[in-house]
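Below: one structure in structure tokens.
We call the chains A, B, C and D, going by the order they appear; numbering starts again at 1 in every chain.
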Amino acid sequence: MKIGLIGFGKTGKAVASVILQNKNFSLAWVMKKSNTLENRITAEYLGIDSEETGKIYSGESTSMTELLDNQPVDIIIDFSSNDGIYSYGEAAGERKIKIISAISHYTKKEKDFLASLSKMTTVFWSPNITLGVNYLLFAAKFLKKIAPSVDIEIIEEHFKGKDGVSGTAIKIAEALDLEKEDINSLRAGGIVGKHEVVFGFPFQTVRLIHESISREAFGSGVIFVAENLIDKKEGLFNFEDILAPYFIA
Amino acid sequence: MKIGLIGFGKTGKAVASVILQNKNFSLAWVMKKSNTLENRITAEYLGIDSEETGKIYSGESTSMTELLDNQPVDIIIDFSSNDGIYSYGEAAGERKIKIISAISHYTKKEKDFLASLSKMTTVFWSPNITLGVNYLLFAAKFLKKIAPSVDIEIIEEHFKGKDGVSGTAIKIAEALDLEKEDINSLRAGGIVGKHEVVFGFPFQTVRLIHESISREAFGSGVIFVAENLIDKKEGLFNFEDILAPYFIA
Amino acid sequence: MKIGLIGFGKTGKAVASVILQNKNFSLAWVMKKSNTLENRITAEYLGIDSEETGKIYSGESTSMTELLDNQPVDIIIDFSSNDGIYSYGEAAGERKIKIISAISHYTKKEKDFLASLSKMTTVFWSPNITLGVNYLLFAAKFLKKIAPSVDIEIIEEHFKGKDGVSGTAIKIAEALDLEKEDINSLRAGGIVGKHEVVFGFPFQTVRLIHESISREAFGSGVIFVAENLIDKKEGLFNFEDILAPYFIA
Amino acid sequence: MKIGLIGFGKTGKAVASVILQNKNFSLAWVMKKSNTLENRITAEYLGIDSEETGKIYSGESTSMTELLDNQPVDIIIDFSSNDGIYSYGEAAGERKIKIISAISHYTKKEKDFLASLSKMTTVFWSPNITLGVNYLLFAAKFLKKIAPSVDIEIIEEHFKGKDGVSGTAIKIAEALDLEKEDINSLRAGGIVGKHEVVFGFPFQTVRLIHESISREAFGSGVIFVAENLIDKKEGLFNFEDILAPYFIA
């Protein structure tokens, strides 16, 4: 399975490194907005020993349709920004290339565009594409269903500089019908990222905890999603759609 | 819904106290092997303000069939010992009284007996009847299904005197195909009971933790199970059978 | 060493039960404001097997000076309310009876009174008399001294009904020069009490955690303090004064 | 304060990056056994923006005495191997250059050599030079002193491949008079490193936890030690010697 990667910021680089080290997927190319790293080879740039080229292209000088025709891929992974989808969406849809987007925030306009693309190809979107956080969300919603009156609080811990409440914590709170006051945000030192959901029962406590070690977790999530989309036809999918069948089986 | 309670040890007493304080269920009577507390009133004995009598009978002087005819109940809860089932099983089955057993260990003989009773009435058995531990087991199995190659270790912590590895930890390990070496048992001070399942991924960690605050957690579990058995017909059920439908719905 | 206990609320009872079970100290009597349990024997009332009488007196019908003369004690432990000190302070001071007060809040007036009593006898006061919380406070202050610029946050978890921010958390925050915003308060289910101090360094994290299992922890704290006051002369002491020498030795 | 660094493995590199980014210390040079990176500039090689040269020398072609005379330093930091000390020890001692060694294991021979060098200059050795682990050790020993009969267990968690019990956990166990059975070792995924000391009291629990985020923690430890050695004369010091004065002051 050949992958094309859109976006090469800190997370994009970490995702590229995971793809380069995976045996079932290969990194065909990277498309970057600016031309600072144009024509560099990803594996070499990241110091990874790999036979894949993973050449870096720049949107400034390379046309997406030409790239897709000259170096066809099975899946496009999007770690760019919220308008990145317009640069490749239609071209991917027409070529039945599967789309996996990990963009944090989309406006209604982009969501509608994703929906229209999903009539042509398989489209997946998750604002946080790590397996752990999505499992946490899923497992927490399930416990809330079992025990609707349980008290729930969220603790999220991140490095000192991080502004605002973590988007993941907000998403968990929304899924569990919690208020913003139920999210406790700690900012200290270099904590990479920790989310804890505390379920307080009268005589027992259940805690679900996710800790990030490094950004490469996003790469593992991409691989997991890609593997689970292989047999999927046209349609719009999110992480819950991917997890639910594991439960039934 | 009227409940009859078999067994009145430490856990039986905690369970009785939870039932006495629940509005949807009433404690009709307690059946105890020895006659030390015979004819005492449970609510009074436990210092709980309640209108229910919950009189304590002794197996030495009271016949189970007479008790069931004079003071009929909807459910029998068994916190006695592994041969307690023989004292009431058949009488309960004939009267279509639902059976909820929380006995830790049954031999094949008792399991077979439960199976035969389940043709006459609703029979439920769970060696650990707390909601939290059963949820943990369920959620952990689900994550293992999603990520079969993840590294898993269990930490269980209990008070200093507790002998051997915790039965709950062993059950979790079996459900996750782990070895005994993967269970880390700590014994220190007065820790009531803590079970933690650590899922180690390359770039992230997920932890599921259950902490017991007090034995009353068994009472809450009994109430939860009883509520979920109300519409059930004849058959043999375990905690997973009770939890699974919450997921589907 | 004979102990007289002032105050017999929930915590007073737990403390009495710990003293009754300790071999180095005996509970001579309990002084209670109201006369509801007058003349009852503490050990019997609490269901503890002990040879000590620990008779319960009421301030309504018994004079403190007579009690101290008829049933002399070495130490008075105060778990009553903030004006309890006036009922026994002077009488204790004159008789060189050591005073251990565990009252949460004193006004300047009581603090001044304690100071004046400390010229006559050994006076100890700690608003939270558990060993664990005081150790936490001590160890946290020490780490802050070593690393003055480290980021610190506090998490405190208690049962759903608990009003306001935990007094212990406030005390920790004051000792570490933190703002109220640095205290994260969770209220869920039946959590007995948990205090966690998170020290975030750029490349590592240190956490100090105290978890209460039951109120009896106050009793253990009293015993620890009493043992450490045995050789003390007149003077006013707090928990830090008791802990510091362990470090030097 | 000028620093010379001996050893440039994974940890040595992380330490160099922390020194390069610290304003009070400068990295004069790095001495490496092999000549693979000879004459490279550390800041450039590590991608750090810094005015310091931090040129890399190789023991194969550069004499230590010449280096120390041509590019004198105030402190030598040793992250090489256990015989590294012989390459610079005497030359450093003669020139009153302070020595900070972070070598994990020394035989008696090296320890004796350190002792003899400590008559000429300030010599510091710590097998784990992070502030957090040393604080943990210190704080744990102190609690054990206060409560000699408390139950203690250690949990250490590391990445899947790590062989044997963690050296730090063994050191903690020795300091607390624990048995090897009291160390619980978990190996899962990519956990960087976590050490937890659990103190179980009858009615409360205290936990001291250290979590590593990255190897740069060793660099912070080096800076902390270097700052605290500035005023020290000849003598042999360990981390406890550095921490203790903070307590007294």
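In the analysis below, contacts are C-beta pairs under 8 Å (C-beta built on N, C-alpha and C of every residue); 3 or more make two chains touch, one makes a residue touch a chain.
As the structure is a computational prediction, the values presented were derived from the model and not from experiment.
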{"item": "Distance-maximising chain from chain B - centres being C-alpha averages", "value": "D"}
{"item": "Superposing rotation of chain B relative to chain D, computed on C-alpha atoms, to nearest 5°", "value": "180"}
{"item": "Classification of the chain A:chain C interface as same or different, half of numbers criterion", "value": "same"}
{"item": "Winner on C-beta contact pairs when A-B is weighed against B-C", "value": "A-B"}
{"item": "Approximate Å spacing (C-alpha centroids) for the pair chain A, chain C", "value": "51"}
{"item": "Chain A and chain B, separation of their C-alpha mean positions in angstrom", "value": "41"}
{"item": "Chain centre separation in whole Å, for chain C relative to chain B (CA means)", "value": "38"}
{"item": "Contacts with two or more other chains, residues of chain D listed in rising order", "value": "189-191, 201-205, 213-214"}
{"item": "In the complex, chain A residues that touch chain B", "value": "130-132, 135-136, 139, 142-143, 145-147, 199, 201-217, 219-220, 224, 243, 246-247, 249"}
{"item": "Touching residues (chain side chain B, partner chain D) in the complex", "value": "150-153, 155, 157, 159-160, 184-191, 198-205"}
{"item": "Residue ranges of chain A in contact with chain D within the complex", "value": "189-192, 213-214"}
